[in-house]
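What follows is a pair of complexes built around subunit A, which joins subunit B in one and subunit C in the other.
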Partner chain A sequence: MADNDHSEEPTPYIEAIVTYISYVLLAVFGHIRDFLRNKGFEANMIATEPDRTKSFVPLYQNFESFFTRNLYRRIRDCWNRPITTCPGAEFEVMDRDSPDYGWTFRYPGSTTRAVNFGSYNYLGFAESSGYCADAAVAATEMYGCGVGSSRTEVGSLNIHTQLERAMAEYLGTEDAIVFPMGFATNALNMAALVGKGCCILSDELNHSSLVLGSRLTGATIKIFKHNNPADLEAKLREAIVYGQARTRRPFTKILIVVEGVYSMEGSIVRLPEIIALKKRYQAYLYLDEAHSIGALGTSGRGVVDYYGCDPRDVDVLMGTFTKSFGGAGGYIAGSSRLVRHVRQSSHSAIYGASMPAPVAAQILTALNILLGRAGPPDEGKRRLRQLSVNAQYMRARLHQLGLIVYGDRDSPVVPFMIFMPGKVAAFARLSLAHGLGIVVVGYPATPIIEARARICLSAAHSLDMIDRSVQVIDKLSRLLRIRYSRRQPPDWTRDRTRAWAEAQLAEFSRPLAPTHVASSANGVALIGA
Partner chain B sequence: MQVGTAHSDPNPNHVYFNSRGIWATYVIFIFITHFIVLSIPFISMALAWTLTCQIHNVITYFWLHWEKGAPFEPLDQGESRTLTHWEQLDDGVQFTANKKFLLVVPIVIFLLTTFYTRYDQIHFLVNALSLVLLAIVPKLPQLYRVRIFGINKW
Partner chain C sequence: MLIFVADADVSWEFSDLIEAIYSAPTYHLVFEGCLILFIVGLLFQHSFLPSKRRGGSGDRLSKAEEDQLIAEWQPEPLVSGDPADEALLASYQRCATSQVGRSVTYSDGRTLVNFATGNFLDFIGEARIRDRALASLRHYGVGSCGPRGFYGTMDVHLHLEEQLAKFYGCEEAVLYSYGFSTIASAIPSYAKRHDIIFADERCCFAIQQGLEASRSKIIRFAHNDTAHLEELLQRQAEHDRRDPKKARVTRKFIVVEGLYVNCGDICPLGELVKLKYKYKVRLFVEESASLGTLGATRARHLRGGRRQRAGRGSDSGWNRECSGPLRGFVVGTKYVVDHQRLSGLGYCFSASLPPMLAAAASEALTMVDEMRGERTARLKSVSDRLHQRLLAELDNLWSVEGAPMSPIKHLRLHRCTGENSLPALEAACAAAADAGLLLTVARYVAQDLGQPAQPSIRLSVNCNHSDSEIGSLLDFLKSYATGLAKKCFQQLNISRKVRPWII
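Up next, the complex of A and B:
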């Protein structure tokens, strides 16, 4: 996969300086406005301490909310946008405006129809009608909505066992266990695998669930540069040679924690090299496939399938059902010894409630469709091919526009750089006005000079939707002048044209089933706006 | 506001000074201040340089050594709430490139100022005092996390 051997284009120098100057300007104005508000020249809409507690030791530091008050609040209509329909290929976003610059919102009651590039709906299973929804309804009628207990008590349904067996077969491992919450799968189960006296080698850009899980174990955490096997090797050697701090005793276990696809960068992990390293230095590998299960690989079996590696080489295969399967929850798969141990010692399995039946039914049906055992013939293959084509086509078109696009060729997450905070807000607002629902992220969630917009492709998107969206992004990128790329588009983008995309999809000649979008009147009535 | 973040470092204040072009931006801001001061017509050259030196030392003192915590809520559960920005930079590691740079810049400005004020006694005294008290002493590793007389402790 030579297309993974590229490094991301760094932020151009002048744009970095302009970005810093923007933040300093925003900070200066923030201080001025704070001063005016404190002295009473301007209406103070912030929560302040009542008079009787003014002499107490302050509960919160005023400075900590500086960013939220003076930067985030002014553009907060770009985030937390409520939607009124199922988040399929398109959705309806509730309109809202703010007469007081972000302190309060007014809802006129109308909605905007937009293409959904924000949901992690990689295989298009976020549907409110169809095979999966029917199965979920049937499961609700049989088992009810909740489970009312944990796995170790009376909360194990036969549907859980079916799902676990299906996942183990799908992934090519001996056994699997499912959990009702994906974040908790990472956070609560790492402590069952490693503890004090072990070493965790964690990628720099790992998700906060992995960071939290690593911290809860009590092990020594070392961080290696993002997707950099050379740095990982150096840190591995250091861990083995020097052992634990102060006592120099050897670590009992070394666990390498990586993700399949990194959701902020769109990069795919360099799995073959990391597996080679782990075998050479006898470490264990924990692979979080939250964004890659179902989205990568010819049969959708994730990043292990994408590279053609042996699933038995990865010690702990973890993933979530939220993204590609349209459900919720996570799984851990591996050898039967590992899964048996996790069943007995996982906090989530022993104390937390188990996965609700309709969710399990949704995931099981989605899995069966993927494997070709349910639904229309070849539906699974069609969705996988559509996702792969959509991702490559969109990425190629954005590269050709001249935007700085991060990530690898086949990854369904396509982030492109915007850098300046003002442009980030402008892009978010303009793209919604033009019918695109794109998520933007800025500092401090990303590094200070890497604010970006992120597109998540889905098998539910059609090529026409992508063409229309690229036209809008073309117009907006020219208006906002965010075509910063100084490099030529990569070679592979040259033949990813509309004709190529249609040829790839030609064998599935059946037209796309439209995603069922509930009417907005229902949605608004439910919320009571 | 680190929503959806994928960071292993809980406080972005630790690392942002390593970003591309931030040293140059710092120097550019000093130039801008100096040009603004220079463009005021009735200020002599010596006074302009002294003013630049003083403004720079005072502003960087407040930015680096007075304001504590971060302008957003970092994920470190309040550990950095009592730390000034200087103590947060590079996660408290001393003698890093950033810290050497931030120590050298006020010294360079002071040297230029003594030259342009033609070594006048009063200007020298004022600039030297502000350099030592506001710019050098707080940056010494011996004063890491030290609060004299408990000033600015919480």
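Up next, the complex of A and C:
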């Protein structure tokens, strides 16, 4: 399955230079504008310190606000776009206009319909009707929508236990524990596993929650090159051989922290090689499956399933429910010993509120559908297949357009490069005007010259939607001249045609609309004890 | 490279330089050539910095030596074989089958009166809030499927932020999706390395995590002791006078809680505000438990006072307590709060709050506004009454910590009833369940610096607790502790009787 070509196409020199020049120009103009503002030639819209705290030390550095007010502000409308519907296959984006070039927004009250390529709705479970929503309604009626206590005090609900049991079964681990926020699952639980005197080997592109979680452990943190087992091995050897800095004591344990799918790169972790390294050097492995659980593998069990690895080889399996399951929160799964330890010492389980019941019901029902216990027969399989076909089909089409596409073939995250800040804004605006909700990402989320657009595929998308969208991207990419690729499209893209996609989906030839079957009585049956 | 004779009167032309080379003696040219080679050699030489050399002194290890060391290395197991804390693990198994409102039903069929969760204004189970949540669920689905930046913002989020800002009389509010992460992200988004934070020593663990993540210098002051804080501030001010250059770039913060969850008392806000302006320190107030729960005058004071408080640091709250749906937010001036939209980690990089919870929170806030402090006043009077009765009727048996009007109180066994240990309190909670009451011990992780020295039962008051419910709580506490005291006394007597025999 894993015939991934692991090298991304490098940024062409011309584009890199032009991009740098763009930022330099923006900075020059920013300084001119700042000068004009300071001298009173231009209205000053910057939020300033109120008079009574003027004499205080400024709350943040001038540089940070320079970037915000002179670069980010001008294209602020490309992010934080509010929507007014469920983030399904399509959504309604609230129209905004800014009378003052991004300082403030006005909402005229109208909306624009767009295909949703922005939300992490991989399996299409973000639905406001159907099995999951019915179960969530039933759970709200039974448990209310808040708990107000932590799991270790009196915040445990029956549905939490059911969810944990189902999750462990789904992942093939001994036990699992769930938390109400994905970010906090990383940020607050790593400290329960490693501490001072330990070493964390972290991928350079790890998500900010992993970075924060690692920092809060107090362990030594070493960074290895993105998805590069050779570099990881070198760092592992170094950590074991040379031990802690200055004291030279050996580390008590080494934890390798990686993600399943990197959400900005679309790359899939090279898990088998990392497992081999971890075994050879007796390190432990923490795998964040936020973007891969439900989205990869024949039965959706994430990157472990994708490579056919044994889940017991990964010491800590972590993931979130925000993405594939259309819920919120996260889990940690592994051996019963590990989970027992986390239950006893997790900061989140001891201080944080427990997961709201409707969220738990949504996830539990989605899991049951994937396990084939709820919903129409083969519904889980259909969604998995649809996602995988959509992802490959879209990626192949974008490759064929001549865009520089990052990431691995099977990844549901498909980023393609735009590079220049002006084009980033133009692409974001034009694509929305053409009815595509695509996320663009630039500095500081990516390196300064690697601004990109990112498409997240979903099982809710139909092939027609993809075809229509590709036509729009075709048009825009020609207009904006973002077909930078100097390489031939990869060989596998050749046979990923519409006919191929339809053949793949033939066995599930039912209509692709969300399932409107269950009544809320059904929902009760699903979540009942 | 050529060394010229420093003669000010001679102005050298390029041709003269060539001339000089020709006329120079050979040994000089050879010498210059050697110098050039030496410098080129220096450029290509490895650094002599000892820090650049691995392993301190000595050379790099050979591959075989490295392999030897790697083979010898024995890591500790990932999770240490710490003994299972059965009482704590049991709490995961004790599952409610109803909402955790004023009363809770368990899978064994028992229905208990809840004195354990922070449902202060009795909003959990409020039909109006639930209906709004359900309507929202039917429209938006459950999850938001993305962070705020990437199509994870729904109109309900914007509406709730606006509503919060208005409620507090502040310019702007920022919504987080999890209470614990709110303050833990808000602090490090402002305070960085080299900054100074004055924190109350009894601050809750979420604050401590924020302090740690900020990597600032942390100075702890004695709990609610403004004199001690002032002393520390003065010392810092003196320090600043000596080093004004550094002081100009060092931000200073005070971090306190509105109502301390760990001890149930209230921060002396008025004095803190004075200190803030006197010493030019920004103030963070963590209001997770105090929003909507403190007495009417207090609430008005907070809300009225907010206008002057607004600019100086942010007032942040993570409020899982009174409205039910868990959420967190930070309010303050635009200058202060907007910064978090790009630099609050828990805001930028986390999926946004599920829209149904935002809708429920928004409805709860509307209710708080509409009630004009009616429930808050009731909560205050119930808390006050409970406090007086606890003091009057359980003196000698239980000790009570917390302000009278605080809805959070910590109970500890008195000396005459035996040791006030965690197992003893857990046993008391178990006995309470038999008497139809839901109580909980306050739990902490070992690293928590703010935890009290003595374990306690954390009592949470609900504004709709009736006198008979409070009566049964007191009856239970009294009879249970009396029983313990009796047992204790008997043991004491036995040991006294026994002693002469031993002698």
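Quick note on the criterion: the second predicted complex is superposed on the first by the 496 of 529 C-alpha atoms of A that agree within 3 Å, B and C clash if a C-alpha of one lies under 4 Å from a C-alpha of the other, contacts with A are read in each partner's own complex, and residues count from 1 in each chain.
The rule is simple: contacts are C-beta pairs under 8 Å (C-beta built on N, C-alpha and C of every residue); 3 or more make two chains touch, one makes a residue touch a chain.
From a predicted model like this one, the values you see are computed outputs, not experimental measurements.
Peer 1: Touching A:His207, do we find subunit B (first), subunit C (second), both, or neither?
Peer 2: A:His207: touches subunit B and subunit C.
Peer 1: Considering only the touch criterion stated at the top, classify A:Ser129 as touching first (subunit B), second (subunit C), both, or neither.
Peer 2: second
Peer 1: Which partner does A:Met190 reach: the first (subunit B), the second (subunit C), both, or neither?
Peer 2: In the superposition, A:Met190 touches no partner, neither subunit B nor subunit C.
Peer 1: For A:Val147 in the superposed arrangement: first (subunit B), second (subunit C), both or neither?
Peer 2: Second partner only.
Peer 1: Regarding the shared-chain residue A:Ala328, is it in contact with subunit B (first), subunit C (second), both, or neither?
Peer 2: Second partner only, subunit C.
Peer 1: Subunit A residues in contact: does subunit B have more, or subunit C?
Peer 2: Comparing subunit B with subunit C, the partner touching more subunit A residues is C.
Peer 1: Examine A:Thr161 and indicate which partner it touches, taking first as subunit B and second as subunit C; both and neither are also allowed.
Peer 2: Second partner only.
Peer 1: When the two structures are overlaid on chain A, which partner does A:Thr68 contact: first (subunit B), second (subunit C), both, or neither?
Peer 2: both
Peer 1: Residues of subunit A that sit at the subunit B interface in one complex and at the subunit C interface in the other, please.
Peer 2: Common interface on subunit A, subunit B vs subunit C: 57, 64-65, 68, 72, 79, 207-208.
Peer 1: Report the residues of subunit A in contact with subunit B in the complex, numbered from low to high.
Peer 2: It comes out as residues 10-11, 13, 16-17, 20-21, 24, 27, 57, 61, 63-68, 72, 79, 202-208, 211, 221, 223, 262-264, 441, 443-449.
Peer 1: How about subunit C: which of its residues touch subunit A in the complex?
Peer 2: 54-56, 61, 66, 69-70, 73-80, 82, 84-85, 88-89, 91-101, 104, 107, 114, 116-119, 123-125, 129-130, 133-134, 137-146, 148-155, 157-158, 177-181, 184, 190, 204-206, 209, 212-213, 247-252, 277, 280-282, 308, 310-312, 320-321, 323-326, 333-336, 338-339, 341-343, 345-346, 348-351, 353-354, 356-357, 360, 438, 440-447, 458
Peer 1: Can you check the complex and tell me which residues of subunit B touch subunit A?
Peer 2: Touching subunit A: residues 1-8, 12, 15-16, 19-22, 24-25, 28-29, 67-75, 81, 154 of subunit B.
Peer 1: Please name which positions on subunit A make contact with subunit C in the complex.
Peer 2: 47-50, 52-53, 55-60, 64-65, 68, 72, 79-88, 91, 93-94, 116, 118-121, 125-129, 132-133, 136-137, 140-158, 160-161, 180-184, 187-188, 191, 193, 207-209, 212, 215-216, 237-238, 240-242, 248, 250-255, 281-284, 315-316, 320-323, 325-328, 337-338, 340-341, 343-345, 347-348, 350-353, 356-359, 362, 437, 439, 529
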